[in-house]
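In the two complexes that follow, chain A is the common piece, with chain B as its partner first and chain C second.
Moving on, here comes the complex of A and B:
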């Protein structure tokens, strides 16, 4: 149904591109080295959380950043993933490391079912409904027997030293992040990424031009939910205890949107920048102000960024690049209004 | 022209559409043969755009039927019709603004089965050359001029090798040079690829020159249908659209 292949993107100088790639690889090597040799539990654990959020934000980015469908309920699928591995351990004693793919599948199926009605909605309606669905699923988790309601589900503590545990999740989420970033990179540089951007800009025109918009949105949403489900499934093992309030917390959904918007939605680099920035700011705020004030400050930051830095950090970077590359021999007429 | 008795490429058969109290299209019938150009004229508000919207599945007709290549299009989505070889341009060009010119041409190819990457690249680049935009291949569409956006939109309709292209006022407000390019490209596409065109325009002399057939809508209904030279002489067309500018007031 799809014939997906890489397509050319506008390219600057090769040397500059190589330098940027080298920088990313250096960061990755640095992070891997810290994972191997670092011993500060707090830092390992914080970085693992950054990686986890970056994975979630990349997953959100697929449909939200490229396709323009702003999901404010990503945590629904995160929670479904967490409960899948939680329940599979509870009843069958299967390790979440084994069942994480199952968590991804369950989340993807939930994504397909929920996407059936919701992906027909556009703009603010989609955002609102995805948010409401989180609360509905949370209420389900609170009331079903299989989820053990507010009591929650305990998972086994791993028979490892605290440092080894932190290292393990550090590398699990770093590895997942590299994989998922590669997927997002490929999407951005393929015709399916082009179709998603077309949907974001003019969904009716995309359909008329021949994009099966409904199928594209479903497929991409399912992939995104799969990634989020896997992440949730591993998260359950990491915190070793899940209950409906924290696992389906709206804060997680909100954080992910903030990270994408601040880093630059619709670029593969955006989530890599947004996740650490937002978590850093959140940590600073957490030690200085109350959580209500925290939310207000966050909202203000987002509004300010939306107003003054469209496209987030990556938007600013690409504007700067384009300004530098702009040639004075432009005789081909003025841009259309 | 297709053989007598054979079904035309596109048949519009007794189509009607109302918007509330307004009958935008009334019992319209005509057809577009293989490898032909049909010009669609009529005053503003006579239902031309509405008719195109019905033909490509954006609007459902209240009555009547559209047949493409012999089969009814009722219930098909625009993307289905695109897969059957129907393409279109819009009254105001609708390019994907943050994609490059080249990337714009890849959007319609997502569901093209037999196409491999290399063939797609070739096709896309050849089309940019065809409309004269190859120098702008890597520029994002929003940086192109209005006329260039029209050329890009036109190239985008051709990338899937459509059997018929609907064009809604392609020459409105464009530079004469762009218009000349568009007309040349339309002619060559008919002769080289065997595509058909249904073109809405107010540039009647140009349309008469390039069309095999013409149809004039007045108040949603067909005022005349036939050879271009005959259509522009019709009493109803002159009264309802062209006016009698030659005669003293």
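Moving on, here comes the complex of A and C:
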């Protein structure tokens, strides 16, 4: 069923494909230019958050989108990453910018360990277990001495002006997003991507035709956890205060799934569309409808998208392209028989 | 080119004349650019109830102050965003308040969990944080007087009044076995343990010679407390302290009652839930419960009686603590801006640290860390209403201790 999200690379002319790529590059150049010259702190800060969530959604997309494994536990590895850099700062005064790769490594190892039993599960069982693991790890963080329990860990704010701080994180997360998107694109166009899609469509059949499903899932999950861990590690420095309730908040996992679904799961473009749509709409509502009604409106928008745009934005684009490709000679606009 | 027919031209002219006339008739106040006060509250999510009380108080104060002519001859406008009880959302919104809305004065969100996350942002903008929203002695100390508080007691002192009252009892009438339930929240864990050996339930109990027979912490999302209460019951605890936030504390009170436990002392010594409208709704489970608050209408502090009446009209038997601290911090802002005659943050800070402020929470003299000098009221819910049982000078009834 997810296959409708994938845009066939063979359809459309070379010129059209080049135009699409040119548009993406233009957007990237525009964002880089705004990062360099923009002075609106709030916008820089909001966009940095959008980039951060887009990175998380891309990471989720690997197994959740391409592989069809509905994972509600992404925040587990995000929190592990945040606590790794937080603890390394607390006890050794090491900057999270230096220790973010370590955070990624710790999260990847945790992903491998947790993945060993969980990735043998499928469907609702897998989704449920990923949720439960998040709560279990959160309880650990609340009770371990090394994490300072509920008190949490304070990190020093960077000795820069507020604008410089936001500009820094803007570029850090934008850079990470470009890198991670390139990885996801490469996966999509590799054998691993094909294997993931095969797993998603029919895991048993994939095994029969020789796909080493367990190894593929572990490897991809480890890569995904590494990306999420690095992001969590950097987030700790950005927020300057981590504690278990907020850092392991289930909302983060839920938001990421929502962004993937709205943008289009199983496509490299989906997270790039879903993250800004969800965050910017939510932010716009927060500041225009300042009362609690804004959450109701936001929920209604999400329900409407789910009802009327199945497959998310990329799903709609895909259907439109297929419809066009199916009737190349029909210039009258009348429906096909 | 656009043209107007004579009738439309006439109507437009009339409208313009009317607008000019109305503009001229409006008070001079309206022509000044407003002083903008901004902050966030968790109007949805886990902290919606107290946040709604804050919002009500803020709106009322803005109306009041503008009726009196505003601040520095300028009208006052307040921008309050909904942070959804979430620290990351609050951080983003404080960036907006400071950068885009260009607020003149910043007020804090509700609760330490959210407030702790926005402090670095506010401080990096060189702003004072007027804080009627949360306690956090470490956060105050780390920011060297740039956070101006209106809670007259911080976490380590939350149970000070209770233990002082118990300390005055004859030895044979004191509780003998203490059970403590603590929410794993940055604020309540300090209420339990204190800071650097100072304050906190563990230290107060040790000093009072009351042994702790149950000392359990629970995740903030816990809703079933039967197991914890059973444990306290099995240990024959005759004193139970619930150190939590509103929702969990109400559930603990309900569970203690449902399981037929009648400790000599049951105190909701975390969030001030006995002052919330939800407390009387517990019925028999609320009866006899102790709790703390900041001040009491009979103390006659400025604005306190009026505030209590307004809340009574809203269906509150007791004035919520959050309303008192929320109003008090706005009174501090009002008096500080009027006194210092400036919005310059450094000058305001200097003025605040060297003057007294008469507020609904009492007369504030600020300590170096930005917290007011300690004062506290201990309440007990007797016959369907809160009574002050400590300190003696504010007492409206004697404390009643249940017989287990």
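Annotations
Everything below uses one rule, namely that the second predicted complex is superposed on the first by the 291 of 337 C-alpha atoms of A that agree within 3 Å, B and C clash if a C-alpha of one lies under 4 Å from a C-alpha of the other, contacts with A are read in each partner's own complex, and residues count from 1 in each chain.
The rule is simple: a residue touches a chain if its C-beta (ideal position, glycine included) is under 8 Å from a C-beta of that chain, and two chains touch if they have at least 3 such contacts.
In this text the structure is predicted, and so the values were computed from the model without any measurement.
When both complexes are overlaid on chain A, the residue A:205 reaches chain B alone and has no touch with chain C. In the superposed pair of complexes, A:286 makes contact with chain C only, with no contact to chain B.
Of the two partner chains placed around the shared chain by superposition, chain C is the only one that A:40 touches, whereas chain B remains out of contact.
Of the two partner chains placed around the shared chain by superposition, neither chain B nor chain C is touched by A:299. Using the contact criterion defined above for the overlaid structures, shared-chain residue A:151 touches chain C, although it does not reach chain B. In the superposition on chain A, contact is made by A:192 with chain B only, not with chain C. Applying the stated touch rule to the two superposed structures, the chain B and chain C interfaces on chain A have no residue in common.
Looking at the complex, you find that chain C touches chain A at residues 43-44, 48, 79-82, 84, 86-89, 91-93, 95-96, 98-100, 113, 116-117, 120-121, 123-125, 142, 183-186, 188-190, 217, 219-220.
Here chain B touches chain A in the complex through residues 56, 58, 77-79, 82-83, 87-88, 90, 93-94, 96-100, 102-104, 106-113, 115-117, 120-121, 135-140, 142-149, 156-157, 160, going by the rule given at the top. Residue ranges of chain A in contact with chain C, taken from their complex: 40-42, 45-46, 49, 138-139, 142-143, 149-152, 154, 157, 161-162, 165-166, 239-241, 243-246, 249, 251, 283, 286-287, 290-292, 294-295. Contact residues of chain A toward chain B in the complex are 1-11, 191-192, 194-195, 197-198, 201-202, 204-213, 216, 332-337.
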